[in-house]
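Please go over the structures that come below.
One chain, chain A, links the two complexes that follow: it is found with chain B in the first and with chain C in the second.
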Partner chain A sequence: MTLSDAPSIAVDALSVFFGATRLLGPVSFRVAAGETLVIMGETGAGKSLTAQAILGTLPKELRAEGKVTINGRQVDTLSPTDRSALWGRDIATLPQEPWLALDPLMQAGRQVAEAHRYVAGLPPEGARNACVRDFETLGLVGAERRLPGALSGGMAQRVAFAAATAGRAPILLADEPTKGLDAERHARVVGLLTQVPKDGGALLVITHEAAVARALGGNIIVLRDGRVIEQGQTDQILAKPQEPYTQDLLAADPQAWPRSGTAPDGAVVLTAEGLAVTRGDRVLIEGFDLSLRAGERVAVTGPSGVGKTTLLDTLAGLIAPARGNVQRAKSLGRHAVQKLYQDPPAAFPPHVPLEQSLRDVARLHGVTWDRVTEYLIALNLLPDLLERRPDAVSGGELQRISVARALTVGPVVLLADEPTSRLDPITQRQTLELLAGITEAKGISIVLVTHHAAIAENWAHQSIELKSAT
Partner chain B sequence: MTDFTQIDAMPPARRSWPRIRPARGLGFTLLALLALCAVAGPDLVGQDPAKQSLLEARQPPSADNLLGTDHLGRDMAARLLSGAQLSLSLAVLSVLTAGLPGTLLGIVAAWYGGWTDRVLTSFADAVLALPGLLLVLMLAAISPGSWWALYAGISLTLWVEYFRYTRQRARIVMAEPAVEASRLLGLTPGLIIRRHLVPEIGPGLLTIAAFGAATAVTAVAALGFVSVGVRPPTAEWGVMMTELLPYWREAPFLILQPVACLVITVLALHLSVGGMRRP
Partner chain C sequence: MTAARPFLAALAQRGLQALIVAVIVGIVSFAMMQALPGDAAYRIAAGRYGYDMMDAAAAEAVRLELGLDRHWSVQLFAWLGALAQFDLGRSLVYGSPVVDEIAVQLGYSLLLAAGAVITSLLIAVPVGVAAGMKPGGVVDRVTLALSVFVRAIPAFALGVVLVLAFAVQLKLFPVAGFRGPEHLVLPSLTLGLGLAAVSNRVVRDAVVDAMAAEWQLFARTKGLSARFTVLRHVLRNASLPVVTYVGVQMAYLIEGVVIVETVFAWPGIGHALVHAIFARDIAMVQGTALTLGLIYVALNLAIDLACRGIDPRTRSA
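== the complex of A and B ==
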């Protein structure tokens, strides 16, 4: 067991190649015991490649160069088997999408106990006790016997954290640990992570969120297209970014957005009175009131599992309200309420070229193709993109295409369910800005569900915070 | 512990219809040849499959009789072609009459859910509880030796597979946000089926159809072989095997011919959907 005196990780001129193309690097850094390093950048910047190169889990067709030293031992020269022996013992990883990393058919407690038993080498009894302790510390008591599918995203994240750290590896590598978490869980995960260096570990965090970097402190590397843009102390770089890209990245943080103006004084298009939302026998939301005016942007926030999506579906008329009522203005047509989805690829038929999907909608609603093209251009989209299938365009582009698709119908109300939570910060800002601009010009109202308090605050005219009814 | 399988790059385009592989090419070629034989039938060799000539029994291949003659002096090639006609048309027919209602009912069950779904599923389960061969035998007993009993029996057993596959896939597709979006956007049910469902279930249905056709061809031959299917003197591969079995020592090339036809047909059907997404 290597609970070595000075855990550290050192990376020297690390590069990753695909054939002759350099995808990443050269990157060099050192994280010693009690230190933190944040690697920040957007999708495609090479953040995960860095993690893979350190762990030795790069896909076969990629090749790494440079020197990686973990706890004083050069590891890039080791065989794959020897490298995997380091996992969990010398270096632990907290994967993104923890529910994918957990075994769906194994109780949560067992997965953690198993790590204590086989990675840390505790006797069966000790492993069970250690697992109980972990669940107490992490606020997971009562979840030991549940299968991962029955855990919320935040709980799954903590179970994965417990399993990952059970081997007591002194180095923790966390890849986008806060992705898709609501504000409260976000803070809790960041809290867990800040504890790592305090306990004498070395922490390496990959994130696209400036707020996470700010909270963790330490040192930072800003990556873009595989190249290091800036490197230094986190507080200094965040306070005085030298490079324009870093400035853009920081400006994309919703906390830095300008406040939106006052709501337009339009006619009321959609009202909800005393709405209750239930799931099974459980009452999720009670007494929800809304009076939505034309051109108004309303944000709905609240913790995961509070019933935000169900509320949107009720407003859309897809689900009958459990109590209360939803009324649309008489002038609204059948298709006047449209939805935007969290995961853009899931909102399109996967095998159909995008152009076909859009043409179907245009034809059914008697809209000319020129008009659709106008929307696309207004949303900064190249019409050439439409020849592709949904999985061959980026998430940001696809979300804008889905906005264009919704506009084709001539909607009065757009119900958006976390439409940008899977997008990079800069893309998120662009998407929401374009959405605000185009809906304002057309007098379309938006109800936006978000877990980001700052987006609700700055982007919307009005913000409603949901609290669990139970 | 580690889950870094994903790289930050564009995912490769999803393929639902894989490119044709050599094995599939072979399967298609064989199928095309078989189809040609079945369409042309005995005319291809210009011989009557029923004409006996005891003086020319069990002759080796010659210019007149390309594949020789059987124990009654009938032209083997003409009889095999006639058998191909019977087997393949029965297979195609039963696949169509099983596939269309099976698929449509599957869509209906997934689309409406609730009671409709429960009734249809129970019915399918009930059919599934009966061994397929038993059903065919029962029908064959009602009307011995008739081809329609065979056809009805095979078709009745095969539709369940289409139904179950389609229903199960369609339920998943229907629950996707993409379908909800399409409904909100005002797409008609027909269009939703075409855009969302057909690309999703098409390849799987083709696979089931090919396997189903192979099952039908084998069933016809098996029943003919045990003398409950088509009766002599009809030229049918299974019947021919029974008739030629006593001569396997003296003239093994005779019984080999219908066996080879059966093997090639089943092989061609299986190869043609090889590598396709499995249901």
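== the complex of A and C ==
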């Protein structure tokens, strides 16, 4: 075996423990130069633990076992300092949240240039030139002097990509690189990643999205609760999954969802005419029209930063429209329009048991507890869950509890702002299906803001795509 | 929108604050002087001629000369009216213009304040960084205990302890007064220790936050060494809350200057304020209190500007 055939990363029987509890493993795989490995699974499946165990960035209380070899060198026995010497030079890491991964006080260009300078060892002039070239290749010209806060999510991801790969490491490890990106940026990042093996690098991508795995190809490992469920060639496993869990995971991909039927022909409950949304002096959305019927599901899609959340707040009557008007049907009461939020933990008081939060809402609106329980059961929630605090239930459960809370008020219209974007695919599908079911049964209309084109397409009756007005 | 706009707005805001401070400080210090028991004319006469050399006639003469028999509101408005023309009046005891007195004292006080802040940062930054690099470690816990201990000691007691230890016993530094740089050490240390006792914890928290930030880890995984990451990213981000906190400490500093100057017989504005109160030198009290108030506003402006210097986000908004 010549050196070039040797795998860039070889992992043998890797396990991660918390005390005596095995959180991950045993996992074994090899990725050679020019190859791709996708690790797929839900949150908590151990995907990120795998990445951390390879890098040596596991939290202190966790312990890894097994052999990790990077570029022919066994690294799991190295000291933390020696392991960190591999970072950037032997193995590059693309961060999960690019916005948080960039120093908020340093210009984007300098964060890339410093990697060229201090990691690749270029002279100052050369580092600046290399940075300019990177920004040209990645379509970031003009963003060199911007601070991370002034970059969009997609731009931040590309800046992070340039900074991470400046050290020319032959291995790229990307942990959920498409998290929270809209369809267009999603495609761009996937495009960047597919280029890595073509250029002779080894690519290891962690994702929960079947679409990303499909686009990347190569080999795949499906993880669940830290165990390997299936392992093999990506196209084969995606085409013919053997395990029920893999099938569920694939079925949860919004592209695979069945299309919703036609909209019920209810009375119009909410209309918007020629609505404009502005932020400061900038016009974000212009000429937005909507005629929402009872029981109808409308999806609003568009790139991040286009003003989707502001639009929703305008429809809710929380913000006065910059232009145009929002009309509610005369029959609608004060509380008839309710909002669902993106981040369920932020929508509940953290130190109050959930039952008390719900009972307070019920009492305030004169709803019997039996009715609330009925909603909970319809949303597939066990009542004893309510004894816990918000941080002690899963994100999917908490989002369904917040649906129940909104229903308690007796709404006619629900405005949902990316309610499932932080949930796993299977949970996302389940949550949206339950939401559709219960609202259809009660004739409640929903406006759903989502960055996911497939969800808009398949789940809603009608979808409106927002384009940037400027 | 230009970057100069928020800058000018900040200046204008601080200017307005200065005006409000001037009026309030003048009224409050005047009211407090009026509320003190005893006859002001007697105390002023005693201040001028000495206790043994004055009598009721001298006090009466002082009363007439300074118009202390006028109604309090007349006296207050006379002071405010003069202030509007940037005239702080004359010292009731020495007869010299208050401005001249303050001009000399202020330099000494600013020297002491600068010495105190520099001392506090020289202590707080290394200690805080060392504690913040290993939260929960030995350094962290020991410095926490020390911080609580030092902060619990009043400034005057700390000053006396330092004098006993370093001046009386070890004879390293002079006890009090000001004749050379060596006189600056103990008063600066007294104030600086009190400031550092709290600010080292702020540095520590800022460093802990910065080290736990995702951008810190990313700077490492993109290949920067631990040392470079700290120098190029962590320190700058961590310094922001610290500089802001130094601004908050200005209140403690001004209060400390008054006490520490008295302990060390430092010829500054705080020392002068205490003496003016004893001598019922109302013009001096109002003048010095006003100056301290305005310095507070000016220092906060300086902190604002320092934060703008560190944080580029505030400049491009």
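The working rule: the second predicted complex is superposed on the first by the 463 of 470 C-alpha atoms of A that agree within 3 Å, B and C clash if a C-alpha of one lies under 4 Å from a C-alpha of the other, contacts with A are read in each partner's own complex, and residues count from 1 in each chain.
One rule holds for everything that comes next: a residue touches a chain if its C-beta (ideal position, glycine included) is under 8 Å from a C-beta of that chain, and two chains touch if they have at least 3 such contacts.
What you see is a predicted model; the values in this text were computed from it and never measured.
For chain A, the partner that touches more of its residues is B, with chain B and chain C as the two candidates.
Contact with chain B, but none with chain C, is seen for A:H365 once the two complexes are overlaid on the shared chain. Of the two partner chains placed by superposition, chain B and chain C are both touched by A:W87. In the superposition on chain A, A:L151 contacts neither chain B nor chain C. By the touch criterion defined above, A:A164 reaches both chain B and chain C. In the overlay built on the shared chain, the residue A:L55 is in contact with chain B and with chain C. Applying the stated contact rule after C-alpha superposition, one finds that A:Y341 touches chain B and leaves chain C untouched.
Of the two partner chains placed by superposition, only chain B is touched by A:G46; chain C is not.
In the superposed model, A:V31 makes contact with neither chain B nor chain C.
Using the contact criterion defined above for the overlaid structures, shared-chain residue A:P95 touches chain B and also reaches chain C.
With the contact threshold set out at the top, residues 55, 57, 87-88, 92-93, 95, 97, 100-101, 115, 119, 163-164 of chain A are in contact with chain B in one structure and with chain C in the other. Those residues of chain C that touch chain A in the complex are listed here as 213-215, 217-226, 228, 232-233, 236-237, 240, 310-313, 316. Taken in their complex, chain A has these residues touching chain C: 55, 57, 84, 87-89, 92-93, 95, 97, 100-107, 114-115, 118-119, 147, 149-150, 160, 163-164, 166-167, 169. Interface of chain B with chain A (complex): residues 1-11, 13-14, 16, 176-178, 180-182, 184-188, 191, 195-196, 199-200. In the complex of the two chains, the chain A residues touching chain B come out as 43-49, 51-52, 55, 57, 59, 62, 87-88, 92-93, 95-97, 100-101, 115, 119, 163-164, 175, 316, 318, 334-335, 337-339, 341, 343, 346-352, 356-357, 360-361, 364-365, 389, 391-392, 394, 402, 405-406, 409.
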